[in-house]
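The structure's right below; bear with me while I get my questions together.
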Amino acid sequence: MITFIFFLRRIAFSFVTLIVASIVIFAIIQILPGDPAQLILGMNAQEDTLAALREQMGLNAPFYSRYFEWILGVMVGDFGTSYTYSVPVSELILERLWVSLPLAVMALSLSTLIAIPAGVIAASKHNKLPDVSIMGFTQLGIAIPNFWFAMLLVLVFAIKLQWMPAGGFAGWDVGIGAGILSLALPAIALALPQASILARIMRSALLDVLAEDYMRTARAKGLTERMTLWRHGVRNAFIPVLTILGLQFSFLIAGTIIIENIFYLPGLGRLIFQAIAQRDLIVLQGLVLLLVAAVIFINLLVDAAYAMVDPRIKRAYHE
Amino acid sequence: MSEFDFQGERETWGDLGQKALKNRSFFIGALITGTVLFMALLSFFWTPFDVTELDIGNKLHWPDTTNWLGTDHFGRDVFSMLMVGARNSIAVAIVAVSIGMAIGVPLGAAAAASRSWGSNLIMRTNDFIFAFPSLLLAVLFTAIFGPSAINAMIAIGIFNIPVFARLAHGGSLALWQREFILSAQTSGKSRVRITIEHIMPNLLNILIVQGTIQFSLGILIEAGLSYLGLGTQPPDPSWGKMLSEAQTMMYFASYLAIFPGIAIVFAVLGLNLLGDGLRDIFDPKLRRGR
Amino acid sequence: MKLSKFALRGATALAMLAMAVPALAANNSVTLGMVLEPTHLDPTAGAAAAIDEVVYANLYEGLTRIDSKGVVQPALAKSWTVSGDGLTYTFMLEDGVKFHDGTDFNAEDVVFSLNRARGEDSVNAQKALFKAIDTVVAVDASTVKITLSPSNGSMLFNLGWGDAGLVAPESADGNKADPVGTGPFKFVKWVKGDRIELAKSAAYWGDVVVLDKATFKIISDPAAAFAAMMAGDVDGFPNFPAPENLDQFRADPRFSVVVGSTEGETILSINNAKAPFNNVKVRQAISYAINRQSIIDGAMFGNGTPIGSHFAPHHPAYVDLTGAYAYNPEKARALLAEAGFPDGFDAEIKLPPPSYARRGGEIIAADLKKVGINLKIIPVEWGPWVKDVFTETNYDLTIVSHTEPQDIGIYAREKYYFNYKSDAFKGVMDKLNKTTDTDGRYKLLGEAQQILSDDAVNGFLFQLAKTGVWNAKLKGLWENSPVQANDLTGVSWSE
C-alpha cells in the first residue's frame, strides 16, 4: 500500500516536471536569435516571399497559442512538421532513434560488462596489485575526455589499422553486423568513462557489503569465498550501482551529442546540432522534450527498482 | 548515506596536515594540480612564444628544440598555447564552481533549515534542473547568448547549483539531528544563526571535496564546449578548440591531436586525485573511494 | 582473453565484408560526399546550395541549362527565337518528355512553373530572376512564348538556374519530400541526415546516362570527410571541405585532386556606413594591412586566387587589381594616422561557420592588430549572421564568400549590407544595362572593378577554390562550378 502511494506521488511529480519542462523548453527555444524563414530562403529572398513562408509555417500566431497547439499535438504523438525537411518531426526522431538508441544500449551494456567484473576483482583483491592497477585505470578513464578518446580510436583502429569504418552509419538494412560495426568505436568511446565510474562504485559498494555481518555469517556457514562474493555480495551491491546507471543515462545523452558528431552518425545528437544551426525550432523543442522525458522516466524506473529492493527509501520519502 | 555521517569532533589543522603528508593520492594530485596552476600563472608573464602572433610560413612544424611541442596550422607554438589554454580552462572552471557554490550552498542550507513549502520548492527546482542533460542545455544556452568563455562559465555554473544545493541540503539535514545543534537550539539561537555558526563550518569539508571534483568536471565540460566551438573563442587558445582544429590534421600532424588531450587528462587526473586525497584526509571512514 | 580475440577476428571479417559490397557495385553506381544536407528537394522553394547540388540537371530540368563552362545550353527547350527588340522569347519544347511519375510534360507545365515562381504567394528564393517576365503563354503543346518588360539580357541564363526548374501542377506541392522532375535520374530515397539515393530514369527523353545509381552522402565534419574518402565509403567529394588534406590525396594514386574555381568572391565585408569605416582612408588602411597570400596559405592551405576587386579572375572582363593594395603595414599605419587614428581603434568581426571565414578571420585579426586595429572575434551561425549582418547591417566587419555568378551589381543596390553608396558606380551600372556589345560591356565592367578598388569598399581577399577530390577512375565530374551543381549526366567509371 505504501509502495503504491509512493509511486503515485512519484509519477505525479514526474508528470508535473514534464509539463513545466515543456513550457521552459518552448520559451527558451523561442528566443533563439534568427528567423527560420530567412534561413530557408537565403539572402536574396524578397520581403513578401518571406512573409508568405512565415504564414505557411504558422510563425505569425501568438506565443501561447503556438505552445498549446504544439503541446496538445505532442500528447497524441504529433510533434509537428519540420521547418526544414517538411516531414513530420516524429518521423525524423524515430529514424534517428534507430541509431542513437542502439548506440546508448551498446555503450551501457559495454560499460556494465567491463565495470562489474573489474569492480568485483578490485574489491576481492582489496589493496593488492589487481585492485591498485584497476583503480589506476579508472582514474585515467574518468579523466580522459570521451571526444579525445574517440579521436585516438579513429586514429588507431580506422586510419592506421583499418579494422573498422572511421564513421558514418552503414544502416540496419545493409545488415545487422555492418550496423553494429559502425557503432562499435563510438560505443567504446562512450563506454570508457562510464565503465570507470561504474567500476569504482561497484568496488566500494561491494567493500561495504563485504564488511556487513551477514557476509561473515555466510562465510561461517561454510560457503566458499567466491560463492559468498557472487551470491550475496554482488547482489546486494547492485543497489548503488543501479542508481549510478540511472544517473549515467543523462551523461550518456550528453556524450552522444559530441560522439555522434565525431563519427558522423545520423543520430539524435547530430539532429540537435542541425536543428540549432537551421533554426528548425519545432524539431529542436520536440527533441529536447523527448530527451528530458527520457531522463525523467529512467530516474523514475531507478527509483522504483530501488524502492522495491530497499524499503528504507520509502520511509525516507515519507519523512 | 554514509557521506553524511559526521564522525566525532572536528580535527585540528595539525592532524590534517599529518594525514596529508602520508596520503599518496593527495600528494600526487597536489603535485599535478600545482604544476598546472604554475604553468597557467607563468603564462601571464612568460611563454616561449607569443600566442597571438601568427607565422603562417612556420606552420605545422613537428616538435623540435625551438618549438618543443611543434607549431599549429597558423605557425603558433603549441607549448605556449597549452600554457595559455590552462589559464582559460582554470578560469572557466573556477568561476563555474564559484557560481554553483555561491548560489547552491545557501539554497540547500536554507532548505534544510526551514523545512517549509519554500524548502520543498527549492529542492524540487533542483530535481528539475537535474532532469536536463547538462551539456544539452549548455549547448542551447550558448546558441542563444552566443558562444563565449563567459557564457560557458555561466552555463556550467548553473549546473553546479543543484549539485551543491543537494550536498548542502543533505549534509545540513544530517547535522540538524546532532546533539550540539540541538543544544544550540535550546539555548535560543535562531535557525539562521545556527546555520552560519555551526552548520556551515561543518559542511566545509564535504564542500571542498565536491568542489575539487566539480572543478575537474568543469575543465572537462569546458573542453567539450570549446571542442564544439561553444566555449573559449579565438584568438584565446583553449585545449578543446585545439583538439577540434587538430581533427583534420591529425593524419599528418598527430602531435596536434595528442598534446592538448594529454594536457586535459593531466589536469583532470590531478584534480581527481587531489579530491580523493582530501576526502580520505577529511573523513577516514570513506577511505575506500567513491 | 580468448573472448576478446574472437571478437576482434569477427570484427575484422565484418569490416572486410562491409568494404567488399561497394567495390562490387562500383561499376555503374557512384557515391558522392557533400558537406551540407539539403533542407528539402524542391529547388524552386529554397536557396540552399545543397538542394541544387543534388537535383540540378539530375532530377529537374529547366528550359535552358548552364554547362560546366558557364555557357547556356538548351534543355527542355530544344531551340528558341528572340524578337529584335529583345522583348519576346519563343521556346520550342522537346517532344515525348515525361515526368518521373509518368505524366506528360508540355507547354502548360512551363506556364504553371514560371507563374508559380513569380506569383504573389511564391516562395521562390530567387524570385528576382523572373522580375522582367511580363507574360508566359502556351502557344501550343510544344511552344511557349515569354514576353518581357523591360528587356533583360540575362534571361536565358536566368532560366537556366535551378530555381527555374520545371515542375508539374499535380506533383509540385510534394516535391520537397518526393521530388518529381523530368531529369535523367529519379528520386529513390532519402535517409535524413545520412544520404540521398537516385536511380537512372528509364523513361528519360534524352541521352541515357551511364550510371544506374547515384548516392549523395552527407558528411558535414571535415575530419569525417577525410576518413570516408580514405576508407572508400564515398567515391568523391566535389567540394572537399578541408583544404589541409588535399596534399595527402595528391600523394595517393587512388585519387585525383582537381582544384577549380567557383563564382565565390571571398571578401572582408566592411560596413561602409559605420564610423570609422565610412572614412575611405580607414578602409584603404585595412586593405593595405591585410596579407592576402598569408590568408590563402593559412586558411585555405594555398588554394585560391587573390582578387583585387569583386570580380572572378576566370571571367574575360577581369582586371587584375591585386597590386593596388599590396601588403604594406607601414602605409596602413600612415593612412590610419591621416584619418585621425594614430593609435588605431577597436572593432568587431563577425564570422560565419565556414572554415575560410573562421580561419581567415583569425589571420585578419592578427594582421590588423599589427597596425593598431584590435578586432574582437565573434563567431556566429548562419541564422544570426543573416539577421544581424545581412538584414539589419548591425556589424563592423565580416568575412563571406559571394557565390552568385557575376554579382558585381550588388554594389549598386539601394540597400545592401555593405551600405556602400557611390553615384559613379551606379552610373557605370546603368550604362552597362543599356549596353549590348561585348567590348563595351567588358570595358564598363573593368571601370566598375576599378571604382570598387579605389573606394576600398571591402577587403577583397580571394576567389574561392573548388577543391574536388575523387576516385582517379571516375570521369566526368565538373572541374569548376559556374553554378552550384553536381551534374552526373556525364559521369562514368573508366576501366
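Every chain is named by a letter (A, B and C) in the order it is written, and numbering of its residues begins at 1.
Keep in mind that, in the parts below, a contact is a pair of C-beta atoms (placed from the backbone, for glycine too) under 8 Å apart; a residue touches a chain by one contact, two chains touch by 3 or more.
Remember, it's a predicted structure, so these values are computed and weren't measured experimentally.
Located most centrally within the structure is A, per distance between chain CA means and the overall CA mean.
Remark: among chain pairs B-C and A-C, A-C carries the greater number of C-beta contacts. Ranking all chains by how far their C-alpha centres lie from the centre of subunit B, first place goes to C.
With each centre defined as the average position of its C-alpha atoms, the distance from subunit A to subunit B rounds to 23 Å.
Computed from the mean C-alpha positions, the centre of subunit B lies at a distance of 45 Å from the centre of subunit C. Rounded to a whole number, the gap between the C-alpha centres of subunit A and subunit C is 39 angstrom. In subunit C, the residues that touch at least two other chains are 221, 223, 381, 384.
Each of residues 32-33, 159, 261-262, 276 in subunit A touches at least two other chains. Multi-chain contact residues of subunit B (touching two or more other chains): 143, 247, 250-251.
Of all the residues in subunit B, the ones that touch subunit C in their complex are 52-54, 56-57, 59, 73-75, 143, 146-147, 229, 233-235, 247-252.
On the subunit A side of its complex with subunit C, the touching residues are 32-36, 38-46, 48-49, 52-53, 56, 84-87, 92, 95-96, 154, 158-159, 162-171, 174-175, 177-178, 180-181, 184, 261-264, 266, 270-271, 274, 276-279.
Considering their complex, residues 2, 124, 127-128, 130-136, 139-140, 143-144, 216, 220, 223-224, 227-228, 240, 243, 246-247, 250-251, 254, 257, 260-261, 264-266, 268-269, 272-273, 288-290 of subunit B touch subunit A. The residues of subunit C lying in touch with subunit A in their complex are 8, 11-12, 14-15, 17-18, 21, 37, 39-40, 46-48, 120-128, 176-177, 191-194, 217, 219-221, 223-224, 227-228, 230-231, 233, 353, 381-384, 386-388, 390-391, 404. Chain contact summary for the complex, subunit A toward subunit B: residues 13, 17, 20-21, 28-29, 31-33, 135, 139-140, 142-145, 147-148, 151-152, 155, 159, 197, 200-201, 203-204, 207-208, 250-251, 253-255, 257-258, 261-262, 272-273, 276, 288, 291-292, 295-296, 299.
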